[in-house]
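Some structures are shown below for you to check.
Across the two complexes that follow, subunit A remains constant while its partner is subunit B and subsequently subunit C.
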Partner chain A sequence: MKRLAGWMLASPATLAITFLLVIPVAITVGLSFGSPGQGDWGIVQPYADFFASGFRRNVLWRTFTVAGWVTVISLAAGLATAYVVARCPPWMKSTLIVLAVFPLLTGVVVRSFAWLVLLGREGMVNQILQATGLTDGPVAMLYTPGAVIVAMVYIFVPLMVLVLVGVLENIPEDLLQASSSLGAGPVASFFQITLPLAVPGLIVGAVLVFTASFTSYATPHLLGGTRQMMMGTFLQQRALVAFDWPGAAVVAAIMLAVIVATVLVMTRLARRLNPMAT
Partner chain B sequence: MTTRIHPLLILFTLVVYVFLLGPLIIIFGASLSDTTYLTFPPQGLSFRWFQNIWDISAFRRTIVTSLQMAFLGTGIALVIGIPAAYALNRYRVALPAWLSTLFVLPILVPEIVIGFSLLRSVTVQAGVPVWYALLIGHTLLVIPYVIRVVSASLASFDFSIEEAAISLGSPPAKTFFTIVLPNIRSGVIAAFILSFITSINDVSVSLFLTGPGVSTLPIQLLAHMEQFFDPTIASVSVVLMLLTILVMIIVERTLGLAIVAK
Partner chain C sequence: MTQPLTIDRITAHYGTTKVLEDLSLSVAEGELVSLLGASGCGKTTTLRLVAGFLQPTAGAIRLGSKDLTRLPAHQRDIGLVFQNYALFPHLTVRENVAFGLKQRKVAGPERLKRADAMLDRVGLAHLADRLPAALSGGQKQRVALARALVIEPPLLMFDEPLSNLDAKLRIDMRVEIRQLQRANGTTALYVTHDQEEAFSISDRVAIMHQGRIMQLDTPEVLYQRPANAFVANFVGFENLIPLKVTARNGAEVTAITSEGAALTLSQDQLGPIPNAFTLATRPDGLQATTQGGAGLPAVLGLRTYLGRAYQYQARAGGLSLIANGPLSQPLDPRTAVTLVPNPEQCAILKPE
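And now, the complex of A and B:
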């Protein structure tokens, strides 16, 4: 009886996700494989083709490095900021949180566009560089990996700050008081108490930022263009410009595999590294 | 907490916040410029780029579509997501554990992969009209948010209140609407707002599901940027930011912003 009631209530969402997400995505993954008799590699021939192409390998590698840098920089900046925010007096803390939520709620297109304006030939960054005499002429900053990284860090730092403020607030204050009463300075307390306890939260933040930047489209499209293609922009180009659907399916399947592997490995790691777990 | 924070750390935090908010202020300034190209600081002062949003029919049309997708998609997601969240909490032991994993799949699977797969299966193979395919995409996208936020609020709901009402003779469906729903109201509102914002800002799913005559505002913004680099984009961005501020004020008044921070 309970079983039936539970299934009846859960069935619309279950059916919707199964038929409109699981099956279509499974079809895409299926499409990414070739036919058994084809080429030297049989059904994995399309993947062999993907990795045989220097251009495609570059796209994948660039996506990994950009997402990696974005994750590392966002973690460092986010942790330092969250550390200060979590220790502010309450009124200031809530103001700082509101100021971090605001950019988070603003669309990715708008936030990427801001950097398109800032980093352009006539943009503010170039104006400042020339006014201070650091460079003679305008520097070409758009359509470089650096531009994509800066804009993505900009997009993901608020998320990281909010995740980590929550994590740092959950660390019992008694532990820090105990460590300082036992003679540890703030730096020692940070590295011996706060950081180890924050590791599971840091991993959650890192996974969120890595997966989101690995699969993003708008930012690499606007700031990387066709010169600095990443997996997201390459998938769009294969599917909607070249109409190479099997090729697009391979890109989609690789993205999916990277994301699922990252999430599985990192959640397992988070569980193992959690000092509070028994 | 009264531990002293190193001044350098405070300075760094200040820099991070300037980095976070500076670019948005620059967009605001650029939208008021009287020039035909984007520039900051603005030269002259004019609201004509705001007028321009209304004059370009593509913007008018896509704003309407975006609002339709956000309201309808979120509405449908609430109608199918709330019962699912309820079932997950009320009948947890009777339902398989993989069900909650299934419900987070729309967040786990990259949005761009979902968009591409829907284009292939729903638009091309099943022949579903573009507008409906787009609605399907937006609904799927927000279901996990609805289920997660509503579940969180059901987790602190005391189901014995519901049992008391039922044992006093109230029919289950009526009990849900008169007892359960009012108690999880703040969760439902939070789920609505979070979903609405996710839907209105979405690029990666919509990218593949827009077609001739049917597009959303973010996709139209990208298309406009390919051709023009005038302050219209900045003024649209400002309108979107003002909308965001409005939403934040409403949230603050009704629920407190702590809900969004989670």
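And now, the complex of A and C:
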């Protein structure tokens, strides 16, 4: 009886996930394979084609590096911010967290247009650079991987702060006091106690940010342009501009593989770096 | 290497609340002094001030000739044992013990040698490669002790180190702590709310109440000669009888209660007796008898059975007292008796 009730309670969500996620993903992955008799590679011929193309390899590599940089920068900035926030008195902590979350309240399209205004040839940043005499002419910032990285860091740092404040607050005060009573200064305590104990949180944050930036579409579309295509924008172009459904399916399947591999490797890493993590 | 600790007239606040006022305390070289009191009495605050986790608003803390008052915690060189052990969960037992040596830049091999030697002393050499999560409570506290001792600190401090352990282990551990502290001759400050623990382990005990030290003395003196009503009550003198001296005859003093009942007490046994004082006794030290004699006339109330004696609620005039009576003769409520104090179980409290 109990088991049945459990299944019934879980069924709406299970059905929704099955029909709206599992089956479509299965169909997409199925679509990405070729027919057995085709080419040298048989059913994986579409993947061979993908990796044979320098342009596509570039798109994949660019996506990797952009997502990688976004993750590393967000981790560093997020950890530093979270460290300060976690040590604040409670009233200040909640104020700071609300402030940190503010950027998340703007829609992605509005935010990207704001970046267009800021980073354009006649944009605010270029005006300031020229007015202060740091550069002679306008610097090309828009439609570079740099613009995409900056815009994504802007949105993922708050996310990282939220994750890491929770993690840092869970490190018992006793441990830091013990560490300082044993002669470790604030810096030594941070690197020997706080940081190792924050590793599980850092990994959760890194996985979140890496997967979100690896699969992002709107930001690279608006700020990266067509010459700086990433996997998300390339997928859209294949599916909706070129109507190359099998090609789009290959891109989607590769993205899926990268994400799954990232999650697996990172959780394995978390266990290695911190034996306390489960 | 070991140093005396001097706490000189410190005052401390949490926000605007004053938690310690003008508190002074000295711990001699190699001495173990306990701070004993209920929660909120300021004992942990005192320890945190000495450790450097809190700053006093006035006063000074010195270790030997070194002024600790404004020194950051990590430069104070104090071995600290926590109630919750505070072992680093990501480091092995050996790495935990070696942590303090690592901060002191002791070279790797030397560090491990000393950590292992200390683990051997606390009997945990075989667990050196375990993580703290795999240890029992007693083992964790031994590791914490080894970690604090291995840096050979001039001062050791204990913050309720045994309160998370079960009763039997508590007794074993306190003996072990005392032996290690004695063997190293380290000055020690020990915080606890457990009277038996404090009395059994300490050279001297400071009984604290509302941010002040009520009495600081050896366990024997505290137990037999409390200086004031608070301490008397704390160590089990449940009967407080106000008396006035009416006659002195050499060492013999006769005093009466407000109801006029007279007691004769000997200054040879109880020390000098002022003209107005309070006689404090434990229930054991006030015997209920129907034989008459010199004592307080009283009427018995409820009787309870203690195994070694009967205990009675009693009223003597306006006083509510607790007295014991022999097992051979259970007495019923409303029996008129005489309560005879046993001078060996009495203390004289001067008026405050």
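Basically, the second predicted complex is superposed on the first by the 273 of 278 C-alpha atoms of A that agree within 3 Å, B and C clash if a C-alpha of one lies under 4 Å from a C-alpha of the other, contacts with A are read in each partner's own complex, and residues count from 1 in each chain.
The working rule: a residue touches a chain if its C-beta (ideal position, glycine included) is under 8 Å from a C-beta of that chain, and two chains touch if they have at least 3 such contacts.
The structure presented is a predicted model; accordingly, all values stated were derived computationally and were not measured.
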Mind working out whether A:G42 is in touch with subunit B, subunit C, both or neither, as first, second, both or neither? neither
With the two structures laid over each other on chain A, which partner does A:A218 touch: subunit B (first), subunit C (second), both, or neither? first
A:G30 contacts which: subunit B (first), subunit C (second), both, neither? neither
Thinking of the overlay built on chain A, is A:P196 touched by subunit B (first), by subunit C (second), by both, or by neither? second
Could you say whether A:A188 touches subunit B, subunit C, both of them, or neither, answering first, second, both or neither? second
When the two structures are overlaid on chain A, which partner does A:P172 contact: first (subunit B), second (subunit C), both, or neither? second
Could you tell me if A:S180 is touching subunit B, subunit C, both of them or neither one (first, second, both, neither)? both
Touch count on subunit A, higher of subunit B and subunit C: B
Identify the residues of subunit A that lie in both the subunit B contact region and the subunit C contact region. 180, 186
What part of subunit B is in contact with subunit A in the complex they form? 1, 3-6, 9-10, 12-13, 16-17, 19-21, 23-24, 26-27, 30, 37-40, 79-81, 83-84, 86-88, 90-91, 94-95, 99, 102-103, 105-106, 108-114, 116-122, 136, 139-140, 143, 147, 197, 200-201, 203-204, 207-208, 218, 221-222, 225, 233-234, 237, 240-241, 244-245, 247-248, 257, 260-262
Which of the residues in subunit A come into contact with subunit B in the complex? 2-3, 5-7, 9-10, 12-14, 16-18, 20-25, 27-28, 31, 77, 80-81, 83-87, 94, 96-103, 105-111, 113-118, 120, 122, 124, 154, 157-158, 161-162, 165-166, 173, 176, 180, 186, 211, 214-218, 221-222, 232, 235-236, 239-240, 245, 248-249, 252, 255-256, 259-260, 263
Parts of subunit A lying in touch with subunit C, wherever the complex brings them together: 172, 174-175, 177-186, 188-189, 192-193, 196-197, 274-276
Seen from subunit C, its contact residues with subunit A in the complex are 51-53, 72-80, 82, 84, 86-90, 99-100, 103-104, 131, 133, 147-148, 151
